[in-house]
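Below: a set of structures, written as C-alpha cells.
Below are two complexes that have subunit A in common, paired first with subunit B and then with subunit C.
On to the complex of A and B.
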C-alpha cells in the first residue's frame, strides 16, 4: 500500500510538468466544446483527436485524451441546464431539475452545483481507483485465458442485464460488434474470413471509424429530425453565485455519498454513467424530504445525477486499466489508443509501465481540479458556442468527422465506411438498439475470441474449462447473475408482494 | 413504406421499422454464418478453425433477430417511427453528406468540404454570400493549417490542390 503512495507521488511529478498542465487545460476546453456540440461526444471526440496524439509521448497523449473525457463529462451539464438538451446521454437526468432552475433565473446556481458535484463524484472515484486498481491488477495477474474470457463474459452480461432495452436487442447489437471485429485476417490461423473477396475488408473494421460514424453522424441525423433551433437561457456565473452555492451544498452530503457509491459501482460494472445518473436521481427523489419538489428546480435533483454520472464515468477507467476491459465506450476508445501506442492495458501494465499508470492516475486528480476551475470561468463562452446556428455548425462537424475518420488509417474508404455506420447508428438508435455494447464488442472482439480459443485449446474443446476452478466459476456465475438480473429481481419482487389478482 | 403524404403526423410506423431492422440483422447473421462456414467452423488440426467463433456469433444474431422480429410484430401499429417531414429534414443532411463522402475519393477533402459548408449555409441556413464564402473557405483553410502545417498529417488532396501547388 505504501508503495502505491510513493508511486502516486512520482506520478504527480510527471503529471505536474508545465507542458502536461497546459495539455490538461487544452484537453478540458476541447472536451467541453465536444460535450456541448451535438454530434460530438466523449467517445467520438476522443476517437477523432486520437491520431493527432500519435506524435506525443504516451503519457502526455493519455493526459490530453483523458482530460477531453473529463471535459465532455462537464460539458454535458451545460447544455442540459441552459438548453434542456442533454449533450450526452448521462446528463439527461440533469435536465429534470437543472433546466427548471435555469428558467427561474438560477442557471448560475444550477451550473455551479452541477460542476461541483461532478467534481466530487470524480474525485471520490479517483480515490477509489488509487486504492483499488493496484489490488485488482495484482489479483488479475493470476488470470489464465479462461479467467480472462470469464471477465469479458461478465462485462458483456452486465450490459444485457443492466440495459433498459430488451435483452435480445442488446445481444444483437453486441454480436454485430463481435462479427465486425472478426472480419479480416484471423490472427491464429492466418486465414481470411468474412471478407467475401473484398480488398477493403482485409484489415477488418476499425472501431474508431465505427465510433465516429455511430455517435457522430448518427447524432447529427437525430438532431436534424428535431429541427434546427436551439433556444437557451443565458448564464452568468460570478464568484458570489459560486460561493453562495458552495455554502449550500454541504447540506446534501448524504445525497452526494449515496450518488458516489452508486456511480462507482455502476461504473466498474460496464453499465455506465447513464443508468447510474438515473438511479441516483430516482433514489434521491424517494429519500429526500424535498422529494415532492423534484422536477421543479430542486438543487438536490442536480447534485444527485451529476455526482453519480461523473463517479461512474471516472470509475469506468478502473477495469480498463486493471483488467483491460473498458467500462464505457469512451474508455474503450482510450483503450484502443493505449493499444496503438503499444501499451497493453491489464494487470501487466501496473508492473511494466508504472510511470505511465501512476502518471495517468495523478493526472486524473489534477485534471479534475483544473477542469472545475476552467468550466466555472468559461461557461459564458460555451453558451455562446451553442448559439452558433446549426446550419453552420452541422457541416463543420461533418467535415471534422470525415477528417477524423480519414486520419485513423489515412484511408479514403474509411470516410464512406463512417457514413454507413452513421446511417446504421441513426436507424439502430431510433429502434432502441443500444450502441455501447456494439462498440465495446468491436474493441474487445479479438481479445475475447483469443481468450476463448486459448481456453478451449487447453481443455481440448470442452466448455467445462469455464467451470474448472472456483475462481473462474465465480466470475462466470456472476456473469450469469448479471445477465439474468432483471428476471431475478422481477421474481423476487413478485415473491415479496403477491400481486393482486 | 412507399406511400407519400403531405400532411403532418404521418410517416413510417415504428412497427415496420422494427420489423425491417430485425430482418436486416437476421440477414447479417446469416451472412456471418455463411462466411464462417466458408472458412470452416469446426475443430481443425490445431484447435478451433477460423470460423469457429464467428459461427456462434452469427447463430446468436439470427436467434435474437427472430425474437426481435416477434417483438416487432406485437408493436402498436399506430406509433410512428418519424414523420415524413422529419425524415425530409434528415434526408436534407444525409444526401449532401453522402455526396460529400463519395467526392472525397476523387477530389480530396478540401474542395468537397468548401462545397458542403456552402450548400448547408446557403440552402438550409439562407445566409448571405459573403458570410457563406468566408466560413466555407475559412474553416477548411484552418484545418489545412492545423493538420498539414502544425501536426504534419497530410489529408487527401485532389487535382485542384495539385493545380494550386499545395
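On to the complex of A and C.
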C-alpha cells in the first residue's frame, strides 16, 4: 500500500510536466467536441487520433488519449441535457431528468450537476484504483459467464418496476429491444438471425442509430407537433449558475456515494458504464424522498446516473491494465495503442512498467481536475444555445443527427434506419410506452443473451449454474428482489394500512 | 501476378486499362487520396491490432504519400467488411486485412463472397495457435492433459475460444477427433477475454494465439502445452523463467496430430490493376523491414512467411480446400451452401 503512494508521487512528477498538462487541455477540448457530435463517440475519436500519438512517449500519448476519452464522457452529457440526444449509451439515463430541466430553463444547473457528478464518480474510482488495484484484479477474475449474466439480470430487473408507465408497457418495450438486439450474427452458433437475406442487416441495429432516432428525431417530431415552440427558451445566461448549483449538490451526498459504489462495482465486473448508470438511476428513484418527481426535472436524477457512469468508465480501465480485457470499446482501442507502444497489458504491467502505470493513474487525477475546469467554463455557453429559435436549430440538429448516424458505420442505410427509429420513437411516446427499457435492451440484450447461453453450455443445460456459488446467487437474489419490489412494497403497504384504524 | 486478369474479369480488366490510360504515370501508381484499411473484425482483436500497428508504422516511416485509415466492419462475422471490398470494384484506395473468417464466414453463414471475389495482394504472416491450460492445473505436458480428457466422460473438459464455427472451434473439433472424446466448446467475443476466462478457471483450456495469452504466461497464470504447427517456434527470448516460445513442443510430437495456422493477409477489391497491386506488395515489403514490425512478430511469435503473386494464390486455393474439408467434417457448413 505504502509503495503505491511512493509510486503515485513519482507518477505525478511525470504527468505534471507542462507539456503533458498542455496535452490534457487539448485532449479534453477535443474530447468534448467529439462527445457533442453524436456518432463520433469516444472510441472513434481515440481511434482516429491514435496514429498521431506515435511520435510521443507512451506516457504522453496515453495521457492525450485518455483525456480525449474523458472529454467525450463529459461532452456526452451536453447533448443529452440540451436536445434529449444521448451521445453515448451511458448518457441515456441522464436525459430522463436532464432534458426536462433544460425545458424548464434550468439547463445550466443540469449541466453543472452532470459535470460535477462525473468528476466525483471518476475521482472516487481513481482513488479506489490507487488503493486496492491488486485486490480488484483478483475479484474481476471470479466473473465467468454466469456471474456476468447475473449482473445484466440485475440491471434489467431494477428497471422493470422503475418506470412511471405500467410494468406491462415497460416489459413490452424491453421485449421489442431484445428482438432488435437479436438481429445479426448469433455469436454462439455462428449463424445469421433475422436478417432476411439483407446485407444491410448483417451488423444488426447499432445502439447509436436507434438512440439518435428514438430520442433525437422523435423529440423533434414531438416538438413540431406542439407548434414549433422551443421549450428551453427561457434559459438565461448566468455565470453564477455554477456556484449556485454547487451549493445545492452536497444535499445529495447519499445518492452520490451509492452511485459511486454501483459504478465502481459495475466497472470492474466488467459490465460497464451503461448498466451502472441505469441501475444508479433506478435505485435513486426508489430510495430518494423526491423519487416521485424523478423524470420531471429532478437534479438528483442527473447526479445519480452521471456519477455511476463515470465511476464505472474509470474503474473499467483497471481490468484493462491488469488483465488485458477492455471494459468498453474505447478501452479496446486504447489497449491496441498500448500494444503498439510495446506495453503488454496484463498481470506483469504493474511490475514491469511502473512509470507508465503510475504516470497514467496520476494523469487520471490531474486530467479530471483539468477536465472539470474546462467544461464548467463552457456551461453558460452551451446553455445559451437554447435561446436560438427552434425553427433554426431543428434543421441543424437533424443534420448533425444524420451525420452522426452515417459516421457510425459509414453507411447511408443507417441514416434511413435513424429516420425509421425516429417515427417509432414518436409513436411510442404518443402511446406512452417508455423508450428507456427498449434502449437498455438494445445495448445489453446481446451481451446478456451471450452470457446466458455460455453459462448453459458450461453447465450442460442446467439452470442451477445461476445459483452455484455465493457470488452469483447473491446477485441473482438481488435481481429478483428488484424485479418484485413494486409488488412487495404494495403488499407491505396494504398490510400496514388497515392497522391504524 | 501476370495472370491476374485470367479470372474471367474481362470487363473489369477493360475498366482497369481505361483507368491506366487516364493516369499517365500508371507504371508507378501511387495512392492519390486516403486509403481505407478495412478490418473485418471488432476493435482490440488480433486483426485489429495488426492493422493499427501497420497504420502506425506506415505513418511513422512515411511509407505512403496519403493516409491509411483503419475502419472496422465486423458485422456478420466479418462478412460486412468483405462484402464492402467485393462491391468496391476497381477501387485502388481500399485494402482489407484477413483472418480465417475469409474462408469460414461464407461457409458457415452463407454470406455470398469468396476470396476469389477480391484481389489477393500479399501474405504478411501466419498466426500460430497454442494449447493453454491454467498454471494452477496439474497438467505439465500435453500428454498429461490428453490423458485426463480421455479418462473423463464426454463434455467434461471445457474449451474456451473466439467466435463460433471459426478457427478456434475448428481446432477444438480436430482435437476431439484426434482424442476420440467430446469437449464442451464455449465461444467468447475476443481472444483477450478467452485468456482471462482461463485464468479465472471458467474454462479448462484454450487455443489462444500467442499474442493473446503471452502476458498471462509471463505472469505465470497460464501454461502452454503445445503449438499447432509442423515445427517448433523459432523465438528464443526468455518469457517465464528459462522458458521461451521455442521451448513449446509441437502438438504432433505430443501425440496430438493437429496442425493449424491462420492467414494474416492483405486483399484489394476486384478489378484493380497490376501496378496498383504491385504498389501495395512493395509497401508491405518495406513495412516488414521496420523494427516495429519485427518487434510485433517477436511479441506475437508469428510465422514470418511472406508470399505474393501466384505463390500466394496457390496457398489460398489449398487453404480454402482445407477449411472446406474441416468444416464439412465438423458439420459447420450453412444450409445455403
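One rule holds in what follows: the second predicted complex is superposed on the first by the 272 of 501 C-alpha atoms of A that agree within 3 Å, B and C clash if a C-alpha of one lies under 4 Å from a C-alpha of the other, contacts with A are read in each partner's own complex, and residues count from 1 in each chain.
As a working rule, a residue touches a chain if its C-beta (ideal position, glycine included) is under 8 Å from a C-beta of that chain, and two chains touch if they have at least 3 such contacts.
Because the structure is a prediction, the values reported are computed rather than measured.
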Subunit B versus subunit C as contact partner of A:141, first or second or both or neither: second
Subunit B versus subunit C as contact partner of A:202, first or second or both or neither: second
Partner chain in contact with A:191 - subunit B first, subunit C second, else both or neither: both
Contacts of A:415 with subunit B and subunit C, given as first, second, both or neither: first
Touched partner set for A:457, first subunit B, second subunit C, both or neither: both
Which of subunit B and subunit C A:55 touches, first, second, both or neither: both
Shared subunit A contacts, counted only where both subunit B and subunit C touch the same residue: 51, 55, 186, 188-189, 191-192, 410, 457
Subunit A partner contacts - residues on subunit B that touch it in the complex: 14, 17-18, 21, 25, 28-29, 31-32, 35-36, 38-39, 43-44, 46-54, 57-58, 60-61, 64-65, 67-68, 71, 81-82, 86-87, 89-90, 92-94, 97-98, 100-102, 104-105, 109, 113, 116-117, 119-121, 124-125, 127, 135, 139-140, 143, 147, 151-156
Complex interface listing, subunit A residues touching subunit C: 43, 47, 50-51, 54-55, 141-145, 184-192, 195, 199, 202-204, 323-326, 329, 332-333, 335-337, 339-340, 342, 344-349, 409-410, 450, 454, 457-458, 460
Of all residues in subunit C, those that touch subunit A in their complex: 42-44, 48-49, 52-53, 55-56, 59-60, 70-71, 73-77, 79-80, 83, 108-111, 155, 158, 163-166, 169, 184-189, 192-193, 195-197, 199-200, 202-203, 211, 214-216, 218-219, 221, 292, 295, 299, 332, 334
Subunit A - residues contacting subunit B, complex: 51-52, 55, 166, 168-169, 171-172, 175-176, 178-179, 182, 186, 188-189, 191-194, 196, 217, 220-221, 224-228, 389, 391-392, 394-396, 398-399, 402-403, 406-407, 410, 412-413, 415-416, 418-419, 422-423, 426-428, 430-431, 433, 449, 452-453, 456-457, 461
